[in-house]
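Chain naming follows the written order as A, B, C and D, and within any one chain the residues start at number 1.
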Amino acid sequence: MTVDLILLGLLVLAALWAVLSVRLMMSVIGLAAVSVAVSLLMFRLDAPYAAMFELSVCAGLISVIFFVAISFTKRLTAEDIRTHRKERLRKTVWLPFLLAGLAILLVARLKSPGFAPAPDPGGDVRTLLWGGRHLDLIGQIVTLLAGAFGVVVLFKEKNR
Amino acid sequence: MQSLLILVPLVCLMLFNLPWKRGVGQAVSFGAGLAFLAAQAAAALWAMLSGGEPFADPLAGFLVFKTSADGLTWVMLLTIAVVAASSLAVSRAAFTDEKDRFYFANLLFVSVIGMNGAALSGDLFTLYVFFEAASVASFILIAFRRGMAGLEGAFKYLVMSTVATVLMLTGVGFFMLAGAGTSFAEVRAACLQSAHPEFARVGGLAFMAGLFIKGGMVPFHGWLPDAYGTAPGPVSVLLAGIVTKATGVYGLIRLTGSVLPMMPEVQTLLMTLGIVSIYAGALAAIGQSDYKRMLAYSSISQVGYIVLALGCRTPLALAGAVFHLLNHAVFKSLLFSNAAAVESRLGHNDMNRMGGLQAQMPWSSLSAVIGLLSTAGIPPLGGFWSKVIILLALWQAGFHAAAVLALAASLLTLAYFLSMQRRVFFAKGTETGSAVTEAGAAYLWPQLALAGLTAAIGIGFPFVYRFLLTPIQQLLW
Amino acid sequence: MNPSTLLIPVFLPLAAGALIFLLAKAWKGSGAVLSLAATAGMLAVSALLFGKEGTAALPWAGFGLDFVCRLMPFNGFILLAVSFFAFCTALYAASSLKGKSIAPHFFGFLMLSAGFAAGAVIADHLVLLLFFWEGLLGSMYGLIAMGRKDAWRTAIKMFVIVGVSDLCMMAGIAMTGHAAGSLVMSSIHLPVEGLNTLAFLLLAIGGLAKAGSMPFHSWIPFAAEDAPLPFMAFFPGALEKLVGIYFLARLSLDLYGLQAGSWVSLLLMTVGAVTILLAVLMALIQKDYKKLLSYHAISQVGYMVLGIGTASAVGVIGGLFHMLNNALYKSGLFLTAGMVEKQAGTTDLRKLGGLGKRMPLTAAAFVVFGLSISGVPPFNGFFSKELVYDAALERHWVFYLAAVLGSFFTAASFLKLGHAAFFGPAKPEHRDVREAPWPMLLPALVIAGLCVLFGVYNTLPVHRFLAPAVGEEALAGHHVSGMPANWMLVAGTLIALAAALLNHRYGVKRSGAGLGAADHIHHAPGLSGVYDRAERQAFDPYNHWTAFVGVLSRILNAADRGVNALFDVVSVSAAKTLSAGTRRLQSGAYTAYVLWSMAGLAAAAWWMFR
Amino acid sequence: MNLAGIPFFDACGIAGALLLAAGLYYLLVTSNLIRAMIALELMIKGVTLFLILAGRVTGRQDLAQALVITLIIIEVVIMVVAGGLVLGVFRNTRSVGSRQIRNLKG
């Protein structure tokens, strides 16, 4: 369908944008665009809750984190641009794409299953998350706590 | 009772951070930490000896925790408690600042919750979630002092660990494609009977590759020496003793022991990786001049034995792998405590600038000797028995070449450890006759307790075998 | 009886030993007190256990290696005897080592030895037996090495000789386990044939070496000079014989069925006969009280080995009875040596003489022991020797002759010893010598009393201890107590004794002193050269062996130096190169680490889906 | 649901794989630690998409969404911590180049 086609194209373009742009800020914006594209694809794949999270947290919060990080190191930008221009064509360029090609070939060789759209999902994510995966939630809470300590410990000025 | 092992420390963690008066939170966190870890060790021991939990889960009707516990879980919980308690004890002396001690205790709790959760979970994704909790705590702990070395180690660990989680999640995705959910039972069923068995295989490989990185198998090990070597003393005790074992190696044991079906390719893969790790780790350790970095490489080498045994995939080998994990946790945290003690006295880890510490630090020297003998597998210490079991299992299963190679590597182990002992303690060197004093009680007690433990495991081997290893042998399916 | 009571005689002294080592610094007298208490407890428990049967098992090393102990008639009385002698040693050492610096360690090792010996006696698993066997070896090493300044040489000699024999035993155990399919002793019953013969011989070497039979004897005379006296009094004479001969008897009666008249039986008998004769000939010419006794300690083993080697019920009972008797009078004799040394300051016979008047009780005890060991009726040695003679004569008259000749020389040497030490003219420097103190005298007198008791009332030990051990049916109505039925045997013995007496008188008359009573044999044409070389230890297998090993090691060393250079250069540089290689891979850039991981993943993927 | 001859689901899978590859490429070539963080983000995006896809084609959207929500939370925490580490490097060396963290070798 056209929408899907546009979305996929957008995703690939955004990824390339993030990877190839010489300005760090543009890279971050590219990443946010990737997030948006992935989020929209999730809507198309019948995963609205995940899509909402992706949109709000990844496209939003994480971009903010990156902006903050960049603002801390703003004055390095010019130098970074110079180096990245050179680095974009390093010798290892081929490797990830080789791996991706291999992966795609592998999946293709595993006789593409040609999945039919699955029947209407039986369960609801809320029931599952709040009813069946308590342990994951506890894990999230603990990880968040760890993140909070990380902020406290790592963002403090080093005491000399 | 299982849920309490996760919830009690979580509640504790929240209580610590209430706005207490200055100093109270620190004292409370230390005391409560030790008390909880002691209780955990006691519960695990109880479960091993009696074959059942001390009491039923009081929250069973309230929370839907899909926890599961078997012999392997109890061994892990015991190991976690022992190592974390030693690390906590060492931290008391290693961090001079009160606030540092407080944050260390908190992060240690996070890490313990992460590891407990991983040990108790029966689900691949939950495993990943708790691994992340423990790993995030480790990233922060490695960079705890915000010095350049620690930051470097932590960032490398973070990068590699994230790559590992991506691989693991890819594995989960492939398992789902193969028609499974994420729980062990479903994945096992899907591996055996699936419309798309290839997907199950790809998933298994991807998940295993993630675990290889987390467990530090050669050639997936790049981050490990940096992380272990640069972390503050008590953190490397925790990290080397248990965190990477509870995340990477434990996951591998679960996955290959009781989730994935028998696959000859996987067996060969694991055994190759095991042998490569044993030798590469030992060889790299020989050339080190940094005490902690050498221990880190030695860890790689020792984990190689565990993976080698996993590749053998017989009940006895599985028991040997788990037993070696326990032993390794004990003697490696002993050695890292020792390194922390030496570092605290000299201010550096460079073995070329040590030497002759025997006279000034006799107890530390003694504990180092016990640790290295146990690592090299000298009877009657614990390390001897686990290596013997692994070699025996390999031999019985017909992997004679692997057994011989593994045995020969013991020589390398002995070589680098004896050279370490000589350069640090015995031989004359820069520190001969210097004014260095023996490390304080907070450093010595954990070391001596761990030394006693490794000796006790060795001497009480029959009981260990009966209560600890026999149940594990039945886990293999 | 609660089966775990059985473990008390093993663990009580072991615990006491550990405690003594711990307390040695803090509490000086702990050794004596704890040892006495522990051995008294051990003795009481063994006495309670005597005559009972039972099995106690603890889980041990896994893999079917259980800590199985079993009490049965066979080892019940040995356990009792071990406990008794351990108690005597502790009692005696408490007095003789009082205030000496080695005392705490002596008691520590003594308790370990007692525990290990008891364990070796009641163990019902060959590996467990070996464990205790080796433990005993270790604690004996400690006991010898703490003696005089150079005692460690003797200790090493003992360790090498007994250790090598233990290695043989280990091989024997492995072979036995393979043949029988089990290592539990009470379930092993094998015939001596084929490969089993080799296993039997290997195991027998272990027993013979522990008992101190030839050719595993050569450390004992040196220990007599070097080791602390309480060790010498009870170990080579009593404890070791008890353990070693017990094992030999158990081996040939129970584990393996030794056939009378088979070549293995003949071999054992030959070893016994040769041991009797050679050792007693060496004893005859000694000029030192303790050294003379030590050769007798070897010679007497010969009778036991000979008796057991006959493989007849009478012979085995004779051997075991002789072991019991020998333990009594030999430890008694060493006790008298100790008293003489303590009171007169020396054991050199050339400096002794006429002590009988100064130390009448010691002299009296010596006389009883001397008569016992020489086999004069009605002392205990007579009865056990008669049984051995009887069995030996049944096999071949050569063995009988050797045994009787041994008897003759034994009597002759004790006549010489007694004459030189206690009778004859008193030396002037011994004017102030007094009778030994009571704590030292008492054990000797008690043991002397037992010698007389076991002689006059020999039915008691034979029926109470020995017959149940061998089993009534094996005796098949044989008459084994009281005076021998065959009066020819008695006559033979009496003739030998009379000849010894005449020989002594001749010798004394010829040389003019008690000490020289054996000189005419010593310097007899043909014999004197042999004796000279024996004195220079030319016949000591240990020396030959060490010399051989010395040459061998020199050759190997030369070869080794070449190989060593190869290793030093090649292997070290190989390790260094490889190490440097692995370290170079660790470039420090995380991108490299990611690349490595991905390469590893790609290789693994290729491997799994190729 | 076809996409120029390629089934839509396969196309989504390929897109996920491309995201992974792009992330890996970026991680390997860049010498800026912040860019390395972006690279890790890209890889995680790829796997997120893949998980949702796997849930969709097997009819387990509920499970896939539950996993992805958890994953997103953890991802944020990791990025925060990584940001803290990069900040630490910057404070120490006044640079965020990956050359700054190449001191531990051998």
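Here is the rule we go by: contacts are C-beta pairs under 8 Å (C-beta built on N, C-alpha and C of every residue); 3 or more make two chains touch, one makes a residue touch a chain.
Just so we're clear, the structure is a prediction, and the values are computed from it rather than from any experiment.
K.L.:
Which chain's C-alpha centroid is most distant from that of subunit B?
P.N.:
C
K.L.:
I want to compare two interfaces, B-C and A-D. Which one has more contacting C-beta pairs?
P.N.:
Higher C-beta contact count between the two pairs: A-D.
K.L.:
Round to the nearest whole Å and give the separation of the Cα centres of subunit B and subunit C.
P.N.:
It comes to 51 Å between the two C-alpha centres.
K.L.:
Report the inter-centroid distance (CA atoms only) between subunit A and subunit D in whole Å.
P.N.:
Their C-alpha centroids are separated by 5 Å.
K.L.:
What is the distance in Å between the mean C-alpha positions of subunit A and subunit B?
P.N.:
Those two chain centres are 31 Å apart.
K.L.:
Just give me the whole-number Å value for how far the CA centre of subunit A lies from that of subunit C.
P.N.:
Result: the chain centres lie 81 Å from each other.
K.L.:
Give me the residue numbers in subunit B that touch at least two other chains, ranges are fine.
P.N.:
Counting only residues that touch two or more other chains, subunit B contributes 125, 129, 132, 136, 139-140, 143, 146-147, 155-156, 159, 163, 177, 202, 225, 284, 287.
K.L.:
What parts of subunit C, by residue number, touch at least two of the other chains?
P.N.:
583, 586, 590-591, 594-595, 598, 605, 609
K.L.:
Would you mind listing the residues of subunit A that make contact with two or more other chains?
P.N.:
92, 95, 99, 106, 113, 132-133, 136, 139-140, 143, 146-147, 150, 153-154, 158
K.L.:
Which stretch or stretches of subunit C touch subunit B in the complex?
P.N.:
Touch list, subunit C to subunit B: 59-62, 575-576, 578-583, 585-586, 590, 592-594, 596-597, 599-601, 604-605, 607-609.
K.L.:
Please output the residues of subunit B touching subunit C within their complex, sorted ascending.
P.N.:
155-156, 159-160, 163, 167, 201-202, 205, 208-209, 212-213, 219-223, 225, 265-266, 268-269, 280, 283-284, 286-287, 412, 415, 461-463, 465-466
K.L.:
Please output the residues of subunit A touching subunit D within their complex, sorted ascending.
P.N.:
Where subunit A meets subunit D, its residues are 1, 4-5, 8, 11-12, 15-16, 18-19, 24, 27-28, 31, 34-35, 38, 41-42, 45-47, 49-50, 53-54, 57-58, 61-62, 65-66, 68-70, 72-73, 76, 80, 83-84, 87-88, 90, 92-93, 95-97, 99-100, 103-104, 107, 112-115, 117-125, 127-129, 132-133, 136-137, 139-140, 143-144, 146-147, 150-151, 153-155, 157-158.
K.L.:
Can you check the complex and tell me which residues of subunit D touch subunit C?
P.N.:
Touching subunit C: residues 24, 27-28, 98, 101-106 of subunit D.
K.L.:
Would you tell me which residues of subunit B are touching subunit A in their complex?
P.N.:
The contact residues of subunit B facing subunit A are 6-7, 10, 13, 63-67, 103, 106-107, 110, 113-114, 117, 121, 123, 125-126, 129-130, 132-133, 136-137, 139-140, 143-144, 146-147, 177, 195-196, 198-199, 202.
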